[in-house]
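Read through the structures below before going on.
Each of the two complexes below includes chain A, the first together with chain B, the second together with chain C.
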Partner chain A sequence: MTVLKVAGIFLTAFFFGLTFEGIGRKITARVQRRYGPRWYQNFIDLFKTLSKHGYTHGWIFDFGVIMALGGIIASLGFVPVGGIVAFPGMDNFFVIVYLFTIGSLGMAMGMVGTGNPWASIGVARALTLMLGYEVPYMISIGSMLYFYRTSSISAIMSAQGGDWNLFKFPIGALVALISLQGMLGKEPFEAPIAPAEIASGPMVELSAKYMGLLMLMNTFMEFAEISLFVDLFLGGGTYFVFLLKYLVVWVLVVLISSVLPRFRIEQAVYFYWTVPIILAFVQVFMTVNGFVF
Partner chain B sequence: MDKIEKIDERGVWEKIADQLRSRSMWMLHYCTGCGAVELPPSMTSRFDMERLGMGPMATPRQADLFLVTGYLSTKTLRRVIYTYEKMADPKYVIGFGSCTINGGIYYDSYSTINRLDQYLPVDLYIAGCMPRPEAILNAFTKLMDMIRKGEADGWKRYNENYEWYKQNQLRSLGEVVVYDEFHE
Partner chain C sequence: MGEMKLFFGPNHPGLHGNFSVHMYVEGDTVIRARPVPGFLHRGFEKLMERRLWYQNLALIPRICVQEPDINEACYAMAIEKIAKVDVPERAQWIRMIVLELARIANHMWAFGGVGGPTGMYTSMYWSVSDRDKVLDLFEELSGARIYHMYIIPGGVRKDFPPHFEEKLVKLLDYIEGRLPEYETFVLKNRILHTRLRGIATIDTETCLKIGVTGIGLRATGVPYDIRKIAPYLFYDRVEFDVPTATEGDALARISLKPQEIRQSIRIIRQALEYMPSGPVNTKIADGNGLRIRVPKGMAYAKVESTRGEYGYLVVSDGEEKPYRVAVRGASYPQGLYGVEHLMPGTRIDDVPIWLDTMGVCAPEIDR
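Let's turn to the complex of A and B:
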């Protein structure tokens, strides 16, 4: 049964993750008054990259790519997706956050293994940005874990009932949404993969199937991060309700990213360590003193 | 010259892969000349290249389609060859404008390369000085048809006739050395 549930989560992440990315590209195109690609364009892109004959850059590169994809798949298995909880009792917030770093470090190792300076700059920027958004995110989520006296995501989901955490912790939800924008690498926090500036950063030397695997990793990562937001703040829900909430959050993120330019990396970290961090402390103050709606 | 009928040697998987490749072409535009000016209008809202599944890519490693947009000097030819050899198979080349066909208005300059396809296998030329975005999009749809039929086999020709291409490159450039400063 566990195997089936894990397979269900992966198939959901694969199919709906890529579909929603395609819808996001369509929305961006419509914002720019273009017609845009087909909704299944990302499937074509993925399978095309897997069909090409690529170049490797040594075993540490191969290992890094596999480690990145494997780490993200491992952490995705613990995220509750629309009523499917693969490992009941183990869907702990800290387990997921801990496993996420394996994927990020795998990517950092593999991409630095290519020896390209743009890749090193991109990885350095990605880790710096992570330092920026993780702090306000952790403070805001931490106040919520303190309020519920648990770090189990299904427990928080069921404790919400019909009364979403979005309304109980409005400032915390705002902070988490701003951090989500950085986690997904969307504008204005797009500095790590700036294509025109540092030639797409970590992905600079990726050809063929390596590109495909990293695209898949990116899709899974986006799916896990938005799923966490939906579970923690929008109350999860049954399978299709969950996907509907997911789509709403994703469209919001895409709309924000399609109209904004890019922050420089120090501006992004400065922003995260001033505005969202103060808001997160306000949320902590309110939670500790019992101002929860 | 009579056109020789070619036999389709592709297997089923190659045919499926070619369908995918034709519908998702990531391009690298090497902006050597005025042709680069015609690309932003074909990418943005007037002609919208993305609806064909095409998009600009940042590096040669990720790209499938190589656009040589304008005339080539011997200095840029060297970079063009490096870039082409970095791309992953299968890869396609489009030559923009009359400069890549016969040298264009600089045909008698000492430093201009007159015929691109002596150095790289060109799949398709767009004639004109410069071609309008309509002509560019027309060429892209033509290239997609060629890929689906298995006619865009420039990368195979390059691998098979590598000695000949290398000879021509050496004659123009003196030497072609790729320095790999990170792995030596």
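Let's turn to the complex of A and C:
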């Protein structure tokens, strides 16, 4: 049964992750007064790249790519998705965050292994940005875990009932949303990729199947991160309700990213360590003193 | 921290693929920069010596892809100076309209295009979309969207097609209506301000020393505009202002662009009002068909491009082909001397902004 549930989560992440990405590209295109690609373009891109012969940059590169995908797949398995909980009782917030790090470090290792300086700069920026958004995010989520006295995602989901944490912890939700923008690498926190500055950073040396594997990793990572937000702040929900909430959050992220330029990396970290972090502490203060709506 | 060499181009999304900057960086800061042109060198100037006067019309617009009409104007005006030919009045007004339309198209592109290096791609796509509307008009006028080959020695190739003037006025109204939206989107964006303010700063003294003109010089507070300083065509008969700023940075240069678009619209409206009817071209010199012989002589003609003074020095020895043609590219100073002397100290993050807002156009450096 567990195997079926894990398969269900992966298939959902694969199909809807790519589909919603396609819808996001379409929405961005319409904002930009373009037609945009078809909604299933990401499927075509993925299968095309995976079917091509790619050039390796040595075993560290190969291992890094596999480690990145493996780490994200492992963390995705623990995220409750639309009522599917693959590992009941083990869907712990800290486990997921821990496994996420493996994926990020795998990507860092693999991309630095290419030897391209632009990739190294991109990875350095990605890790620096992570320092920026993780602190307010963890403080904000930490206050919520303190309130519920649990770090189980399922427990927090069921505790919400119809009363979403979005309304109980509005400031925390705002902080998480701002952090989510950085986690997804969307503008204004696009510095790790920044095509015009560092030639797409970590992706600069990726070709064919390696590109495909990291596209898949990116899709799974986006799905896991947004799913966490939906579970923690929007009450999760049944399968289709969950997907609907997911789509709303995704569209919001896409719309924000399509109208903002990118921060420089130090500006991004400065921003995270000023505005969201103050808001996160306000949320902590409110939670500790019982000001929960 | 050790020094590292990074290649900014030719294979880099921040550049167009025909120019390169070798950057020597320490940490995130460029400490030395070397411009590497030549990727687009096709020997335009030498090629012109091997082609008939009129054949060169197909070649010269390619010297500046983003703003080709200025080449046609300079080339034609220099030949007319040598041949001492009076161009019909209507043709002069039409030339002004074409040059200002091209100016609007290029400024729109560059203004919204600042979204490219800063990641705000929406403004970039918007401006490309609106620039396309100008290109639609050019296509109707000349049959070509980019390389128009419309301004020829002696006037222009043909008169406006039917209802062209109404369409032009409609387009100007549309662009005027769009400008506030662009300004809100681009110039009132606080993040963009933090990205552009104080970046790629250049002062008046340096501009004058290395030869930077146009918007680069005007952004330092000097109202230097060839259309005012040495009026050509009928620029002395129309009213327009020369917008300036004082900061001299990337933000100042970008902020001037919508103001310049408004002035161009103002000029076109006046040109449409003052333009008489009549012939639009005249015979330039003796010869059969396209094989003309321009009298012996030498002339320099210059116009105000979106990036500054753009000029052609044309020498004729009285034959069917030019003896020598030399082009003064507007972005030559900032593209070569500027990169070498002004870019050091810039952060890697700001290098594409530096090149974009300085208006470096590689083909006119290579020519």
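Operating definition for what follows: the second predicted complex is superposed on the first by the 293 of 293 C-alpha atoms of A that agree within 3 Å, B and C clash if a C-alpha of one lies under 4 Å from a C-alpha of the other, contacts with A are read in each partner's own complex, and residues count from 1 in each chain.
Keep this in mind: a residue touches a chain if its C-beta (ideal position, glycine included) is under 8 Å from a C-beta of that chain, and two chains touch if they have at least 3 such contacts.
No experiment lies behind these values; they were computed from the predicted model shown.
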First, second, both or neither for A:S200, with chain B first and chain C second: both
Partner chain in contact with A:T150 - chain B first, chain C second, else both or neither: neither
Partner chain in contact with A:R33 - chain B first, chain C second, else both or neither: both
Partner chain(s) touched by A:A208 [first = chain B, second = chain C, both, neither]: first
Touched partner set for A:R264, first chain B, second chain C, both or neither: second
Touched partner set for A:I121, first chain B, second chain C, both or neither: second
Partner chain in contact with A:D45 - chain B first, chain C second, else both or neither: first
Contacts of A:T101 with chain B and chain C, given as first, second, both or neither: neither
Which of chain B and chain C A:P188 touches, first, second, both or neither: second
On chain A, positions contacted by chain B and by chain C: 32-34, 195-196, 199-200
For the chain C and chain A complex, residues of the former touching the latter: 4, 6, 11-14, 115-122, 125-126, 129, 185, 189, 191-192, 194-195, 347-352
Chain A to chain B touching residues, read off their complex: 25, 29, 32-38, 41, 44-45, 47-48, 51-55, 57-58, 115-116, 195-196, 199-200, 203-208, 211
Sites on chain B touched by chain A in the complex: 17, 20-21, 23-24, 44-45, 48, 50-51, 53, 56-59, 61-62, 64, 87-90, 182-183
Complex contacts: residues of chain A adjacent to chain C: 28, 31-34, 117-118, 121, 187-188, 190-191, 194-200, 258-265, 267
